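Each of the next two complexes has chain A plus one other chain: chain B in the first, chain C in the second.
This part shows the complex of A and B:
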């Protein structure tokens, strides 16, 4: 339970805090992966396109940043994939290609997102239902309702809305700025606000946190609402790329399990209380780079999935090994 | 976040209420537990019978039981893992692997059926062993370890078959999921599935609630530190639980291959259904609490609910919504009762 820079103090100390808790080693790994994969891509005559890699990371990246928050608090969210679908479908359904309804569409999806996050958080804290079951359940409810109401692409978003997915300021895509912004906001929340420190405390040990005066329920509900909002952003980004939303866009992207995988790959403990959002971003980038290099080397799609599984497990095993000497045996 | 229950002894004490009653009575109480799932199950079955009076005919009911068998077996296997404090997300992909591998290796040749079935159990045990060792020795949380296994199994199966299942299952493989002992008085036919379910189910109940291993499992899940200090080999017990879960999934896959045929999404969604069933049966995620009969009753309840929704003419996707609502409700109710009892 290391609250990242609980006492910010001087810049140097704060930076060391980031290095210690936000998994600086993962950036070493990221650099290595980038070097190796770019070398491999160039060696096979391919082209390295950093922007494409980054754009690919945006969809998973934003929701993974949200997932980091709930996991740090000792919770988790299996419903994000369907939240992405709900957002994509509702956005295109509400906008119906009309630029004047863009704001309405965004407002509707944000409201739904907040509602879902509140529902998840309140069921977990108020009814004391395990987060795994809660979010599995709300995800199934969303899936059922979506599939019963829509069986194909619903409506479409106006061309203006597609700016989000395709345009940018100069060479920098808007989507990337959005992702960077979300990451920065969440990072600052965790580092400088009481909410962030409470979340680390709750994830490290709910009982202890509560006994020391932390309102643990508030922290958990807040984390779930923020996580849902990141899923909404991912949904909006996807619908701006696809022009229309369909019920399967979320589950097809595997955002639920992949976002959790990216979070643990980034060094955040699944049990909560340890880790941070910068690690998650590295985790997402590593997954995207691996995808890049596998594509360049024309690795079979199915073999790619096998390798992904092995890499995720191996990475988590490596973290567990590093953490071991400090922990008691037998637990 | 399971609410910590420091006041209850970790050894599954909730289900061993004192030494009153005969030995078998105590087994009954331990195995059945006090989950309200049986009332729900009875209610759903009665409702089905009202909508469809044929449902109480033995052949119709046995056909329903046959359909429910794979999920009940999976729930039994999953309970071992959950009581030990872990998850097994790989069972759905293992079912797919079993079905696809069987079709490819047997390739419609009846003579190969039995050797391949033996091989499948070997594969299943190996998958369970790897899950267990990665979780206990490499200390990867079982959620991630079995998620990795899911990705690997799915990818490997598709890689091996090139994206579409090939080969086929001969009659002497398929009949275990489809047919049964004929000419039984009154009930006409006893499906093989139901016999398998009875034997495997009874075995699971005894193993969980009547053996040292079962008690060690409850101890390992309830309070691993205390279990370790009192001499339980926690990693070993947990690994065995994963092997049991994978073995049950193999069995379910063989029956499902016969019943539903070969497809590469044969096992899709089964991991979450199995976990839902176990939770409906009152088991606590996080370990230490659960009952084998109630877990299987949870699986039967889910299948019964699906049948009922079908009878009521609700669109199929709403099944998911009902499953979602009911698992949240069941766990919320269990948490409420736990708080009141203290």
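This part shows the complex of A and C:
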């Protein structure tokens, strides 16, 4: 897979032209992974179900799209897993199975999400606390509050709300549409708005951005608020699948580190300034496919973790090789 | 116009009346009585500068003469302590680079301010992207960028959607120029614009500069390269030690006169006496080269201090790093005591007896929050000397000896080095290399940022080491230091050794070699 990433064919190059600097070569890798894993599954007598794979990607996918934003800006959000928990718990707690309270539940979780995003962003930019520490801290705070207030499933969401997790338009699940919509919106934000342009600038060269009159704090805070909103959407999706939220749903999904892994796998530089949301989606799909094939082949759980670890590190090493040519601001 | 001459012996300057500056009407830019101090040290004192529309005005002076500071003040990156700036006779104050840009003053630094991962258009319009409703108007941005690029005659080679990282240095510079023009610049400051350009690219740049000039733009051009100055500039202002020597018409002076204006000072510092005897050849490099260096021939002998002079970017530090294995030679042969030696990493270099006192002591020479003792033993411990490792904890006599050898003034050996003065920090770095018994010492700007008293101490130490049989290579931008300390002087230019001079060389000789003007004057 490394070789395929390092030497894109003509199609790969054309792709790169279309989605310049948005991690397009990763789609070649994605196609390869899909081909290999599906072949393996079919060869062992299993069944390929694309929709199931996609559905599995939705929860991590939306968080990872949000994570892409903060990472592009040179920041990071480790608190997303607990934000997912907060959302899931609060949604079922507020709704209490009453369809009339659905809107209230959604509004409450969105408001909380915006609050958390603002808090993260303002602590990082205003108090100048390192993002890693900031979000580690806010995550711990959320964890403590959740565990103190709820020790099990809290309330439930009404049956109507569960359509989000289980129904769809014809063959297309709502959840997939939501994921696609979030991806599209964030992609457009990055490509077509000043906010997006400035986010890249702040992540790629904060001093250059500052000297160009860019208000970097705004971009960072905005990215954190949007990132929190994607965590809220993931939380809502999960609670619609589970019917009730519990404090552990977020941490159990490993959304914090997995989302960062997906972003980096998708070609976004951890230091910021380079990459994009399309690459992240590919990264998420690759991780889901790997899960898929590992399950079908009944790979040992621990070996599974080892393999995932190897693949993530190898992918980033491949990017490091590609990025070797000298930079303008280097030397 | 009359020529100002500074007398090298007395340091006095004869300035003719500058009547020629008047008569063209109001100058576009007038800086008067500009003064600036950093941490109490005067960097600029009472500097005047007048620039007219449509002229290329060169700013010259040795390293540290104050050129860059003066230009940063003009561009709003620094605020002057005293003095006034007037544009079209109207006084202005720039608190931020953006304000200067708005008034038509743009600066292109040697280190470009571009985002490598973004496109040309995105870079040019960063922070002021045109929008249509909530959406960035990519088409308008591309069109405006294309127009700017066409204006510079580079629309064929640079596209608005090209990613900056994939452009050559010369192309990136052109993008910077386009960016400056997009602010409707009337004064364009270029700091060493040709430092990393090939001769062909320099020609193209000059053509572009002349184009701008023809449109009434004033270009302030900072360069060390005499040849270029005479090719492109109409007037030249020379700075020395933070003061203006004079402003002259380029046609009225010769390179030699200009050099004299730049140098004109006494060799009144004290330097220890030179080596009486020089020993065997210790290090010999033949045809050394890597990405930044080529055809390097160097010999260092025991007991000798060799000065390495050259302009910023000529490759002096690169040579030091190559010798030390930090960015090793890819070609050529290195012989140590006559035996072929491979130095592929600093670790191998240290084992072979090299010591490297880097220019940036704080980042590369010392671990600031660690003690004098720990820093002194840093290199020795890394070599795995078990004894030293054990002794490190208990303080130990050897550190005390080292401290005495370098005449260190510290409260105790446990004092953190960040609390020491620059001179004492340098001594700790030296102690680090004495601990490994280095015989080949490379000093990169050994006394930069060190006060006068401590300077002499460092110089004495260097001479003492040489007398003890060490071979020393000293990089310095301070020409009096090079002349005062060196038994032999190597001058670098464009990544190779441009020539060698003997101990008695003058500053003018070094500058002419470093700028590639040697032939002109010899003729």
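Keep this in mind: the second predicted complex is superposed on the first by the 308 of 331 C-alpha atoms of A that agree within 3 Å, B and C clash if a C-alpha of one lies under 4 Å from a C-alpha of the other, contacts with A are read in each partner's own complex, and residues count from 1 in each chain.
Quick note on the criterion: a contact is a pair of C-beta atoms (placed from the backbone, for glycine too) under 8 Å apart; a residue touches a chain by one contact, two chains touch by 3 or more.
In this text, all values refer to a predicted model and were calculated from it rather than measured experimentally.
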With both structures superposed, pick whichever of chain B and chain C touches the larger number of chain A residues.
-> B
Between chain B (first) and chain C (second), which does A:273 come into contact with in this model arrangement: first, second, both, or neither?
-> second
Figure out whether A:84 sits in contact with chain B (first) or chain C (second), or with both, or with neither.
-> neither
Touch check for A:204: first (chain B), second (chain C), both, or neither?
-> second
Can A:214 be said to touch chain B (first), chain C (second), both, or neither?
-> second
With the two structures laid over each other on chain A, which partner does A:310 touch: chain B (first), chain C (second), both, or neither?
-> first
In the overlay, answer first, second, both or neither for which of chain B and chain C A:231 touches.
-> neither
Overlap of the chain B and chain C interfaces on chain A comprises residues 207, 329
What residues of chain B sit close enough to touch chain A in their complex?
-> 1-4, 87, 134, 138-141, 143-145, 147-152, 154-159, 163, 224-225, 228-229, 234, 272, 275-276, 279, 284-286, 315, 317-325, 327-328, 331-332, 335-336, 339
In the complex of these two chains, what residues of chain A are touching chain C?
-> 20-21, 192-194, 196-198, 200-201, 204-205, 207-209, 211-214, 273-274, 325, 327-329
Given the complex with chain A, which residues does chain C contribute to the contact?
-> 97-98, 111-119, 122, 126-129, 131, 134-136, 138, 161, 163-165, 167, 169, 172
State the interface residues of chain A toward chain B in the complex, per the touch definition above.
-> 74-75, 123-124, 127-134, 136-148, 206-207, 257, 260-261, 264, 270-271, 300-310, 312-313, 316-317, 320-321, 324, 329-331
